[in-house]
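What follows is a short report on a single structure.
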Amino acid sequence: MNTWGQILTLTTFGESHGPAIGGVLDGFPAGITVDTDFVALQMQRRRPGQSTVTTGRQEKDQVEFLSGLLDGVSTGAPIAFIIRNQDQHSSDYDELKDLFRPSHADYAWEQRYGIRDWRGGGRSSARVTAPICVAGALAMLAFRKLIPALDITAFTSQIGPYSTDPSKDMNWTAVMAESNAVRCPDGELASKMEEYIHELRKEQDSTGGCVTCIVRGLPAGIGNPVFDKLEASLAKAMLGINAAKGFEYGDGFASASQRGSEHNDAFRMENGQITTATNHSGGIQGGISNGQPVRFRVAFKPTPTIGREQHTVTRNGSDTTIAAKGRHDPCVVPRAVPVVESLTALILLDQVLSSK
Amino acid sequence: MNTWGQILTLTTFGESHGPAIGGVLDGFPAGITVDTDFVALQMQRRRPGQSTVTTGRQEKDQVEFLSGLLDGVSTGAPIAFIIRNQDQHSSDYDELKDLFRPSHADYAWEQRYGIRDWRGGGRSSARVTAPICVAGALAMLAFRKLIPALDITAFTSQIGPYSTDPSKDMNWTAVMAESNAVRCPDGELASKMEEYIHELRKEQDSTGGCVTCIVRGLPAGIGNPVFDKLEASLAKAMLGINAAKGFEYGDGFASASQRGSEHNDAFRMENGQITTATNHSGGIQGGISNGQPVRFRVAFKPTPTIGREQHTVTRNGSDTTIAAKGRHDPCVVPRAVPVVESLTALILLDQVLSSK
Amino acid sequence: MNTWGQILTLTTFGESHGPAIGGVLDGFPAGITVDTDFVALQMQRRRPGQSTVTTGRQEKDQVEFLSGLLDGVSTGAPIAFIIRNQDQHSSDYDELKDLFRPSHADYAWEQRYGIRDWRGGGRSSARVTAPICVAGALAMLAFRKLIPALDITAFTSQIGPYSTDPSKDMNWTAVMAESNAVRCPDGELASKMEEYIHELRKEQDSTGGCVTCIVRGLPAGIGNPVFDKLEASLAKAMLGINAAKGFEYGDGFASASQRGSEHNDAFRMENGQITTATNHSGGIQGGISNGQPVRFRVAFKPTPTIGREQHTVTRNGSDTTIAAKGRHDPCVVPRAVPVVESLTALILLDQVLSSK
Amino acid sequence: MNTWGQILTLTTFGESHGPAIGGVLDGFPAGITVDTDFVALQMQRRRPGQSTVTTGRQEKDQVEFLSGLLDGVSTGAPIAFIIRNQDQHSSDYDELKDLFRPSHADYAWEQRYGIRDWRGGGRSSARVTAPICVAGALAMLAFRKLIPALDITAFTSQIGPYSTDPSKDMNWTAVMAESNAVRCPDGELASKMEEYIHELRKEQDSTGGCVTCIVRGLPAGIGNPVFDKLEASLAKAMLGINAAKGFEYGDGFASASQRGSEHNDAFRMENGQITTATNHSGGIQGGISNGQPVRFRVAFKPTPTIGREQHTVTRNGSDTTIAAKGRHDPCVVPRAVPVVESLTALILLDQVLSSK
């Protein structure tokens, strides 16, 4: 299915090189003013060609809203929006028609459907994250009214060998993250990451990385036990992003080597409020927010499309080689930052609306 | 919601110390013979009290099927089953009524619902995984008929400081994993893990760990692009297990520091079949299986209930301390192994049924 | 699927002659006191053997709650309940194993699943409405707290040739309807209906009929436009009742011969409130309640099981005859009255919870 | 929600006077050739201005497909399509901004959402059925490949006082129905209906009517027991059409006055096949098709918008009057015929895909 959510549902559609991509956001609260400049800003953050570390493909990514708004205010009806595809170099992909790119969805998709839109990855392209950013921007605008104190900030926490110090996660701000092309709030590290990416570009190679996301201001009591746990919904959403390989929240995989006495977050009173001394839990206990900041991390694999020659096979089963010619990001991580934030906003809004 | 799945849906219910726990499995194929011995075996693997490394609580966990079977064969109608709760020491929990256990769901649940079943964690108890094992056993039985070659094997890959070597993941068998109490297929390591758990029990502490799961024999073409990606569905299911803190598939978080040229799985022909030279992808590309073994890992935090005295607060906001008196596992990981396998079977069966 | 609802979901299970039938009600508000006497009363109203006009099968229909309650108060966790099947004369059904009863689900079910629980109709038995009445009773109890003024009253409005006057629909009360065995609030007509049913029983025949339902006190603004219209959700629920053949709301099929000038409900002010002069609309406009009483009618076919000899075929395709020997209602309509009310309560509660 | 279906899901969006209306059809089988001429034909059948008996609003209703197709063939990805709104006389609706039209959704919608798109009914306009016809056309094209023998034919069976003879339902063909402006296959009756509509137009009034639908060639075994019964799904879909007031299948409301001995459909052998002597059941038993033609009828109320002066109230609670000035159908029934067929095709395709 290409729809998700319980109360707030998002359906997306579109392929990389078809006429348009877009989405339908349903269950969105009525009476929210849609600030189209903010939406455009979020699209701008995601789109390729925004800096020297990303692909040269230039897309205006102009969002057209088709429904659900009256004089710029949401009416409770489904909000549909489209983004026309432009600046397509489909001919770049002609040779892909009859072969399977390594570590791409080409082969798996063809096994699933017996047919495949080979132009630029079709439905498997990272371009499908654009509608998510539109919908996410709308969710953020809803929160401005519903929970003004809510703040969702994601940043690049790893690129190749360069990682931020997790113990400083709570120090960073969105301004710090947005101050450089790789969206790493640790400026010194950011320079190294940029340099690394340029180097890889020269070597016709790519790199993986991680995005960390911090949510402040989420009230306690949001989420569900058992199947629709807040962390489980976040995990599903994040693993749906192209190239995502892992998700962890709170101390995550590091918890595996911890002891209970070290991991547990002791409750204590502070100014008459229940709070916790530490936040190894990452703001979620038993599927439900506990009022502490929500903290999670998403791992991304290196962009599979690289300029280097790789071995692969054709659709009719002959061995061959491929060396990508199109314009490709050596690292998707900086562009994934707004996608992570957008999905977080959507998941949280759905859970807030259904936890009432 | 306490229901999940698209075609095959599982609804579970029940609290740790209520009359019974159970589930309803709907959309299950008709004509499958339900081998109740196999179901009992799976329950036996999950239940507490099975070895010296787990809690002493003795539960028979006898499964009663209430519907959907005619002479032991599934009819296509929903299969309901219950397990009566027994051997409850509710009085162990009396003091929990008015305080919040650190890193438990107590506080978050009460914020969510304004009321909380404090007896043994209620709906937040690990006991809710019992119905999942029943349903998972049924899914495994369905696969015996639908895809006989399918093999789902999970094992303990980490407990505290002791980890198996990921490069040997494909060497292990279910028999090796089941040959010791911690379910670690590396026998030497298993001994160290057991010793470590005994030591922690003495120290009234607990430890985290990891479970790795390998699926062999899944055909290519199972899964969905974008929102219901196979890996995203697995992630959501796994993060729904009590104490789970992270999920990764294929090379997972390690991918973040890899290069594309090193991570990509080159396609090649082998005996006239398309296969890949390596399997960094973990058997899934673009949300759909590619015919290679599916491989993923789940991280678990240390059991939050420990005998040591911890600081916490009462429901009416006074500082206090707690030291658990009940019977508790110092490590949930070995018992999580059959839960991981069960959820995998359920997710895969749902995706197989809806990928037709 | 055997689950329905968006926020409040009901999953039911069970066959007529299996160990038990039951359901799981999820998304039910926390903090509702469950009055088990009221639940028992609703079960009593539905169950067979309650009067001389219904089947002689005696069932205690004792409801056992398995989860979701703490000291009789809902906790927000799924509420599971079961009713053990008793007083089964399975041998009555032995001869049905190999033939298809006319106008029953036997043949269609076997075509769907390739297997069929032939004992008493299995999953197709009217017994599946028992869990609906349990869940409906819980929904009514929730409304006592959420919308105390809400009143849902259904009654028998037609049995065979005897119909109540639709223009008097708003005159009847639940007390009037419950004062006789056929649940027809028009006492004179009720006597004729009872007599008719007794006559049919002697003739080993059966009859159809209609149930009308009136909902008072539902606030304006409950429902959804387009796909989840309030009337559409009611229609789906009602057509799910065994033997239901039609649904209409407001003036229903009579609207087809009306003119707009005659059907339209003019708005007018009354005591400073917006109201309508008439209620041809049946309290719903464009899928959403308008604050007027909701009024709808459900048609039921005659019980297909009759004592008279009927022509039919066996599973292996030979012509044969059948004359029912079991105990069967000559008319299901009086027993359908609480089922209609229960489904109405469930639909309304779901829509109220999701219209917030 | 504005989405429906289990495997095949349709999400629609758009308001009468917004930029565009459209839909997203997901779960559609891959490999179906989309004949755009056929889609255009179906749109042509639904659109206003097609004859003298319908509104004069001229809309080209040009469908633009945005995704899910490669060289005109479905790929398994979601198929999004839009229809730009044209020829809007929004000024016709200016006076509606501050009052509630009788028997329209205006008041109820405003109570639901606190805001309302007053231009031409917004989301409550019959224009929302256009995307349903696009999606329905695609479903019909899928059936050409999956079940070529399937035939879905709907026709006008009543307009005001003029009704076709139900006993002749099986005699009519699509060609007969399409041979006149009112889509009534009984030519003589059609003339009377047309005359009646012209008369009403002069009198600035409107009329209700009925559509009957016959499905031939549906195999036995399609549908579900209990909650997703085939008839229940059809009922929900049909009650979702603007102005629909009732649904009945088989003998429907007439069953209420029948006896079992008269209503039951005896099974018998015919050419080695199991069939029924009669079809009072309307092709569905226990929620599942039995291989006989499916037959149902939908009632529609008179168009609420009439030229005559009617009493109503303003948004701020003053009494006032209204006399519609826009262009409006005196009878929606002929245009509802393709909508009924489209929804039938969608429901059946979903059930066929999920009954596998």
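For the reader, a short list of remarks on this structure follows.
Chains here go by letter, A, B, C and D, matching the order in which they are written, and residues are numbered from 1 within each.
Here is the rule we use: contacts are C-beta pairs under 8 Å (C-beta built on N, C-alpha and C of every residue); 3 or more make two chains touch, one makes a residue touch a chain.
Note that the structure is predicted; figures quoted are calculated from it, not measured.
The greatest centre-to-centre gap from chain A, using C-alpha centroids, is found for C. The pair with more inter-chain C-beta contacts, choosing from B-D and C-D, is C-D.
Per-chain CA centroids place chain B at a distance of 40 Å from chain C. Between chain B and chain D the centroid-to-centroid distance comes to 46 Å (mean Cα coordinates, whole Å). One finds 26 Å separating the Cα centroids of chain C and chain D.
The residues of chain D that reach two or more other chains are 1-3, 6, 12, 77, 112-113, 123, 225, listed in rising order.
Looking at the complex, you find that chain C touches chain D at residues 1-4, 6, 12, 100, 102-105, 107-109, 111-113, 123-124, 128, 158-161, 200, 205-210, 219-229, 231-240, 242, 244-253, 255-269, 272, 274, 276-277, 280-282, 284-291, 299-306, 308, 310-313, 317-319, 330, 355.
Considering their complex, residues 1-3, 9, 11-15, 18-22, 24, 26-27, 30-31, 64-70, 73-80, 82, 112-117, 122-123 of chain D touch chain A.
Chain A contributes residues 6-7, 77, 225, 354, 356 to its touches with chain C in the complex.
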